[in-house]
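Think of it as A, B, C, D and E in the order they're written, each chain with its own count starting at 1.
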Amino acid sequence: MIPVSYYFALSAILFSLGALGVLIRRNAIIIFMSVELMLNAANLLFVAFARANEALSGQVFVFFVIAVAAAEVAVGLALIVVIFRNRQSIDIDEMSNLKG
Amino acid sequence: MNGELILFFVLAIVAISAALGMLFSRNAVYSALFLILNFATVAVFFLLLGAPFIAMAQVTVYAGAIMVLFLFVIMLLGAEQIQHQARRGWQRPLAMLLTLVLLAESAYLIFTRSDVLTVLQPAAADYGSPQSIGMLLFSEYLLPFEVTSILLLAAMVGAIVLVKEDKKSGGQK
Amino acid sequence: MDFFSSADLITALPLVFLTGWACILLLVAAFAGKRPGLLPALSLAGLLATAYLLVSQMGLEAEAFGGMFVTDGFSTFINLVLALGGVLSIALSYDYLQRMGIAKPEYYVLMLFSLSGMMLMASAADLIVVFLALELLSIPLYVLAAIGRPDARSEEAGLKYFLLGAFASGFLVYGIALVYGATGTTLLSGVVAAAAAGLEYPIYLVLGAGLILVGLGFKVAAVPFHMWTPDVYDGSPTSVTAFMAVGAKAAGFAALLRIFVAAFPSISEQITPVLFAMCAATLIIGNLLAISQSNVKRMLAYSSISHAGFILMAVVAYGNDAVRFDVVSSALFYLLGFTFASFGSWAVVMAMEKSLGRGLDFKDYAGLFRRSPGLAIAMLVFMLSFAGVPPTLGFAGKFYLFRAVLEGGYVWLAIVGVVASLISAYYYLRLVVVMFMQDGEPEVHHEPMLKITAGLTAVATVLLFIFSEPLFAWASQALLRIF
Amino acid sequence: MDAFALVPWIVFFPLIGLVINLAFGRRFGERFSAIVGTLAVLSAFVVAVLQFVSLQAHPHGAVVPLADWINIGSLQIPWAFNVDTLSVTMMLVVSGVGTLIHIYAAGYMHYDVRYKEDPGSFTRFFIYLNLFIAAMMILVSGNSYLMLFVGWEGVGLCSFLLIGFWYSRNPDGSKGLLNSQAAKKAFVANRVGDFGFLLAMFLTFWAFGSLSFDQVLPNAAAVDPRIIMAITLCMLIGVTGKSAQLPLYVWLPDAMAGPTPVSALIHAATMVTAGVYLVARSAPLFGAVPEAGNVVAIVGAVTALFAATIAVAQNDIKKVLAYSTISQLGFMVAAVGIGAYVAGMFHLVTHAFFKALLFLGSGSVILALERAHHPLDGHHDEHHDDHHDEHHDDHHAPFDPQDMRNMGGLRKQIPTTYRVYLIGALALAGLPPLAGFFSKDEILTDALHANMLVWVLLTAAAFLTAFYMGRQIWLVFFGEARTKAAKEAVESPSIMLIPLGILAGLSVFGGLINVPVLHPFTDWLEHTLGHDFAHATVFNFGVAIFSTVLALIAIYISWRLYGRKPLAAGEADPLQQRLGFMYKGMQNKWWVDELYDALIIQPYRRLAAFLADVVDWRFWHDWVHDTLIGRGFGALARFLAEPVDMGVIDGISRGLAALAKGLGRGFSLLQSGYVRNYALMVFFGVVLMIGYLVFSS
Amino acid sequence: MEFLLQPLNVLTFSPVVGVLVLLFLGKRDGLSRWVALGTSLVTFGISLWVLGLFNANDPGLQLDFAYDWIQAASWNIKYAMAIDGLSILLVLLTTFLTPIAILSTWHAVEERVRDFMIFFLLLEVGMLGVFLAQDLFLFYIFWEFTLVPMYFLIGIWGGAQRMYAAIKFFLYTMAGSILMLLAILWLGINQGTFHLPELLALGNIPAQEQFWLFLAFAAAFAIKVPMWPLHSWLPDAHVQAPTAGSVILAGVLLKLGTYGFLRFNLQLFPQAAVELAPAMATLAVIGIVYGAIVSYSQKDVKKLVAYSSISHLGFVMLGLFALNAQGIEGAILQMVNHGISTGALFLIVGFIYERRHTRELSEFGGLWSIMPVYAVLTLIVSLSSMGLPGLNGFVGEFTILLGAWGAGQGGALGSIWFTVFAALGVILAAVYMLYMFQKMFLGPVTVKANEALKDLSWRELAIMIPLLVLIFWIGLYPKPFFALMHPAVEQLVTLFQTAAIP
């Protein structure tokens, strides 16, 4: 059977890629999607650990994470839409008026 | 090397490729599609790990509803692409370097400490079934469940507050 | 197994009440939102009732919802501070929002939701609940930060806060996952038990704790997770800034203290150096950057970073059993002092703000002492309190904090703190210089609630110092439930 | 029944005079001030005489406590007066000569204040004089070193005030800072001496446990001689300051900037002899370590000769007397150094008489010229207005009434002054049977027995003394008048001449107080000093004749040079070609002032300026605090005034400041406003932390 | 009620009554002045009453009281005050100088008079509190509290660079204080009390800890004194402060530092004091010489006087660390002396500044003929400052040097060279003081604007005369002053011999 460490490695890679996405993309929506990827990697880890521990609580946690992600998406996309209305752009590099 | 392991590697390669695809697609639509692929692959992993309910939720809620919403917004805003401007040139290489460092750290961790971590054994029959999850949600996890509901409510209110046109600033598009 | 009873509800009564009240207000907002004063008044009433319930819970120590929820002296203290913060926020908001033309009835509802999340943070004894509470407090804050739309600054603040907040909560979730992997549970009590029984792979617990620290460190604005703070504080409408400066910080520290003190003492050996470095960096960088600000709001933002550093000083010593209680009490006491001074200073800033984002520069404060001596003196008191100069509550807070640090044996950290508070005195004094010693024609909005808030918090800052015995007593008895 | 209890009044009377004059002097005018001032001193003199009388009955004197002063544990210093033969000698001299000089000054200052166009200063003068008498009395009558020190510094202060009496002028009468400069110089030089005195007191206290004479002096034998050596050498520093010995004598010539009565009273008769008194008073200490006494003696003898050489080539009538005073003080110091305390004190007394006479006489001469040069309007006398007329000042600025080259032939114009002056000069030259002969002879005799080198030096000095006094007499009173003023010189009023006469009498007969064989003065002082330190000197005819002959030869030489062919107006001094470079050295005081200026004053000034401007201000204040600390944070700059030139440390400071600035800028560069940067920072923190956690555990 | 009627409480907080009156008075300038003056005079009267209650023969604390203040969290903080021989003179000095300083502002402060007076009276509260507090926590509060009013006095009513000077003053002082705060906390934690008498009774601080605690306390006090090389704030603060501020700053605030050394460093850490005495004395002596030299080169009169303070306080520090009765009593007396003399000098500078609005030495010269009374007063004060025997400065300096010499011969200092170099300061003091006097008063009148200057007014004379009386009194008959402090100092010194030299 598959050792949990394999899943850990996979989730670590996915998490890192998600983080990398946040760092290198300028499109607010894609940044947001990268965050979702990070959460997803965490979910994978949860489920794997739940399986290793033979407990369900990890799966329940994933359920909550998905729900939270949905909530975040609602607010996040609303924000992006509002800002796009104002500026006609979702390049976050253009939103750098507050600084110093 | 047994079949399950081969499956794992194949799926892992798909998931990672999809993630990379999302990362490096110029077009936001492709990114979203790659992400859906990734989510779907992860859903298969969930199945492999004995979590059918979560896999379902992953496909319907995540890959389905949420990603559709993403696609919808991308289309709505017409913001598939951003004009390429090479600003802040050090950000990208530095980010990649740091990511590599992080991966190296994880690798170090995995290869030096955890390579003997539990090998997963076949689970009990009703492990991860919707019933058992549901039981948990409404007993042990009642509080988080209720909090989640409030959270969703708050998010909804927030989204409405944000997007709702003000009467005063009605002149805006 | 019985997972739910009325006893659970009673234990969590203030929170349940507040959340319920928020839902009711949502309906009110939907149907009677036209009357501008109604919602703030109702919110205030709700908060006061919550505070009453909290006071009636004093001395109670109980668990609910299968150990996921704890009511103890610690949570009651923090929740009362939060309730106080909520009351002050709402008092400050009404006139301000009207003046800025961004009044919306949902504002108060969101604020109450956020407060519910904050209060839940203080009581959460399960990492899942911590995560949910964090999101519950954050999501309304994202919205509130952007509520000044279509003001570009407010929108920018909202988006920045949101993106970075989501990013940070990714780390938090991953950290929780690691802890879960190491211990097989997310209950704090379970973590302690598992750690006591011996872990197979303690490194997962350590890493998990580290990542949880990232998520919470982001909320309390600790270096290097602080960078959103000045921009978001600056861009948000000031009433929101005031609310989140205290609320988010208090809630973040509540979770930090409870999780680390209650659940992670076993790995303090590994975590303490990280905390130490974080704390020192926060103290130094927060203060250094505050110095070069010419905008009062940003200056206060950086100063709030440095105050996070001060509170972290206490947290550093969390692993030492002997001083654990002083760690918690001193942090609580400091938070209380910070709450008064922070709200007071924001009240003054609001009185000086001409329109969203304007009238916030140091030079706009020139001559305030002549123009409006009361506000200037109040601001002086807050600045002295921030700087830790007697006779103010801020001084007593620092005194207590430094004691905890010294008791923990971190003399060098104390010296870093000393240097930091010295640097901080410099920029606080700069504002005082501008207000008292330079000439100018500042524009002051004499709104009664602002003046009353500023005045009351200033008086409290001084008087509560002189008669600080009961506060000290209360803080030192605000014990955190140890599993 | 003795009058010892009255002794505090020798201090109080002058103080009372001072206070009365301070309060009412200006209102009631010159006559009032003069009378009050003089009466005050006269009263003190009377008290001193009463002490003298009482001492005849109780020759061992008494200690008269007045009040507590400093009491800390073992440190017990009361205000207490010591009446014994030594102190009463000083009291008599001070108050006696002082009274005469007060009387003289009433006349002299009447004119002087008018020439200096500040009649209001008349009262001020008497206030200072009374203050001086009070301080001097404390000095001589105190029963402890510390009380002596009070007077010691007090007279220094009065010296400062009186040298700078014409504070807005130069010594030649023009407007300027030089007088005040001289005053300052005197004070500072004295302070240097006081520094030594202070150290001596510290040593004394911790060695003896007390500073009172009656507890220190009798116990000298019980203390480690090395400590006593140190005490005495430190005291010597004080003596060189106060009594104008090498190397601190430089202030005394400049002190002639004060009005002439001051020069007579303070800088000839009384104050400058305080050092001699101190050594005499400390005889048991100096006696315990003969090496120290030798050092004192050598210092005194060298000073005597050194100053005498300078006196030879001076043209200012008072400067000659000033260097003469230094020289004579050298005699006294040498005397007490070799253990001839009585001889030293004896010379002190006689010197007080004849040197006061000479100074007052010179004052009379100066005044004579001054009055001739610009006669005062009688009308102006009473109602002089304060109106300053600058032209008037300029008009007579170039004329120096003190320059002997402006005199000549004055014996005809001012015969009385001439006579008394001659007496004083001869007494100083040491011709028998005048006072100076006896006292100087006693010193020389003692020196011959004690230390050959000292004797040689002193004899040479005595020779020069006779020479320069001769030169002065010839230049001033003989020959033809070299200026119009000298021709028309006016004799001084009798209020000035009477004291001169009395002093002349004392100069003639003063030697009798310790006339050989009888030596009453020795016996008198023996009550205090004890037999070891006050033994009668056997009169040595060889020495007496030798020194008298030397003096006569010197006078003869001076006649050859100055008397036979009197100096004409504008003519160079005949010594000039004969001595060449030597003369130049003498005339320029051997460039000691210049040397001090180059070695001490200028370096000190530069050090002070360097420390103040560069080290303290530019470096420590501006650079370290403002640039390094302040601007490093990037914000203090706006509170700074114009950036100050960084001087020598410019280069370094720029480098470091740039570094500090860069640091501050670096931090705020991170705060760029770009979300991705912020996220990167978060990520960076995470990677760092995980790295630490992974590799540390 | 008993609490309120404690004499020391009455004394400390009596200025607060004046503050309250002023608050309700509105902006009437003339009345504000009189109220402030009256208040300060009443406070002075109360301090005399306290003096009457004081028993000079008792070496211990008197009129002492201690109420529990913060007992929670095992804080054990007391509200405790007391007076003893070490502090009574300084208390009297404070109450004495305050009315004088207020009187000096009559025409100097025209703007926002009421605010000025409020800050001034608050400052007095703070200063009295520092001298009287017997609990480290309370002490620290008063200590820091004095900063605030002074900060405003400099910053609002000061000269052109006032803000810079005010900030520098505040930061500098605070820098040291915070280190002291850490040391106070350390003591409180390890000894279990902040109450000074209790701490002294416990008295079992190990030598190594004493060393560090000593340094931490010294950091605060040395900056306040200020000891070389921490003096850089002083010229700025003095030059920029208004006259009354300078008077109090020099007269009392600097004494807070020396008093701190006396009260805490010497009493609490006797071993460290003995160990570090040579080091402290070295700094003190450097300060004496350095201050004197630097003064000489100043062109601004006020700056000159400011630097001279560094020199004078060097004497005080030297005396304290002689650790014998002569040195310490001399030092205490010298604190008073410096308060009087330098306070008077600042007043003098203020008088001329009010007339000419400049303090450049080159702008003066020959003032004696124009302002004789002023000149004489200046002369007397200068002489007192340079230590002329018969005036107050001498008694202090002499006893200090005498004590230091004794300590050098067989006591804590170990070398007489400290005293030798310190005594050099006596010479240098004459150099710079006379230089100043000469430049201002002697020589001819060179600047036209000076010719019409008026001599001192009656009010100005009234300010100076009490100071002059004290200058002479202490110089001629200092016995009553020594008598007040002697028993306490004697006790302190025996503490050294028994506790510190095993």
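Operating definition for what follows: a contact is a pair of C-beta atoms (placed from the backbone, for glycine too) under 8 Å apart; a residue touches a chain by one contact, two chains touch by 3 or more.
Remember, it's a predicted structure, so these values are computed and weren't measured experimentally.
Colleague: Please give the intersection of the contact partners of chain A with those of chain E.
Modeller: The shared contacts of chain A and chain E, listed by label, come to C, D.
Colleague: Could you tell me which chains are in contact with chain A and with chain B alike?
Modeller: Intersection of chain A and chain B contact lists gives C, D.
Colleague: Higher C-beta contact count, A-D or A-C?
Modeller: A-C
Colleague: Of the chains shown, whose Cα centre falls closest to the middle of all protein Cα atoms?
Modeller: Central chain: E.
Colleague: Would you kindly say which chain has the C-alpha centre located farthest from the C-alpha centre of chain B?
Modeller: In terms of C-alpha centroids, the chain at the greatest distance from chain B is D.
Colleague: Suppose each chain is reduced to the average of its Cα coordinates; what separation in Å results between chain B and chain D?
Modeller: Inter-chain centre distance comes to 99 Å.
Colleague: Counting in whole Å, what is the centre-to-centre distance of chain C and chain D, each centre being its mean C-alpha position?
Modeller: 76
Colleague: State, to the nearest whole Å, the distance from the C-alpha centre of chain D to the C-alpha centre of chain E.
Modeller: Centre separation, chain D to chain E: 36 Å.
Colleague: Would you kindly tell me how far, in whole Å, the mean C-alpha position of chain E lies from that of chain C?
Modeller: Comparing mean C-alpha positions, chain E is 43 Å from chain C.
Colleague: Provide the list of chain B residues touching at least two other chains, using ranges where the numbers run on.
Modeller: In chain B, the residues touching two or more other chains are 88, 91, 95, 98, 102, 109, 114, 117, 140-141, 144, 148, 151, 154-155, 158-160, 162, 172.
Colleague: For chain A, what residues touch not just one other chain but two or more?
Modeller: In chain A, the residues touching two or more other chains are 4, 8, 18-19, 22-24, 26, 31-32, 48, 50, 52, 57, 60, 64, 68, 71-72, 75, 79-80, 82, 85, 92-93, 95-100.
Colleague: Hey, what residues on chain D touch two or more of the other chains?
Modeller: In chain D, the residues touching two or more other chains are 639, 668, 671-677, 679-680, 683-684, 686, 690, 694.
Colleague: If I apply the definition of touch given earlier, which pairs of chains qualify?
Modeller: A-B, A-C, A-D, B-C, B-D, C-D, C-E, D-E
Colleague: Once bound in the complex, which stretches of chain B touch chain A?
Modeller: Interface residues on chain B, with respect to chain A: 4-5, 8, 12, 15-16, 19-20, 22-23, 28, 31-32, 35, 38-39, 42, 45-46, 48-51, 53-54, 57-58, 61-62, 65-66, 69-70, 73-74, 76-77, 79, 82-83, 85, 87-88, 91-92, 95-96, 98-99, 102-103, 106-107, 110, 114-124, 127-128, 132-133, 136-137, 140-141, 144-145, 148, 151-152, 154-156, 158-160, 162-163, 172-173.
Colleague: Which stretch or stretches of chain A touch chain D in the complex?
Modeller: Counting only chain A, the residues touching chain D are 19, 22-24, 26, 31, 92-93, 95-100.
Colleague: Given the complex with chain B, which residues does chain A contribute to the contact?
Modeller: Listed in rising order, the residues of chain A that touch chain B are 1-10, 12-14, 16-21, 23-27, 29-30, 32-34, 36-37, 40, 43-44, 47-48, 50-52, 54, 56-57, 59-60, 62-64, 66-75, 77-82, 84-85, 89-91, 93.
Colleague: Spell out the residues on chain E that touch chain D in their complex, using ranges where they run on.
Modeller: Contact set of chain E toward chain D: 160-161, 163-164, 167-168, 229, 232, 235-236, 290, 293-298, 307, 325-326, 329-330, 366, 368-369, 383, 388-390, 394-395, 398-399, 401-402, 405-406, 409, 416, 419-420, 423-424, 426-427, 430-431, 434-435, 438, 441-445, 476-479, 482, 486, 490.
Colleague: Can you name the residues of chain C that touch chain E in the complex?
Modeller: By the definition above, chain C touches chain E via 326, 329, 384, 387-391, 395, 398-400, 402-403, 406-407, 411, 414-415, 418, 421-422, 425-426, 429-430, 432-433, 436-438, 468-470, 472-476.
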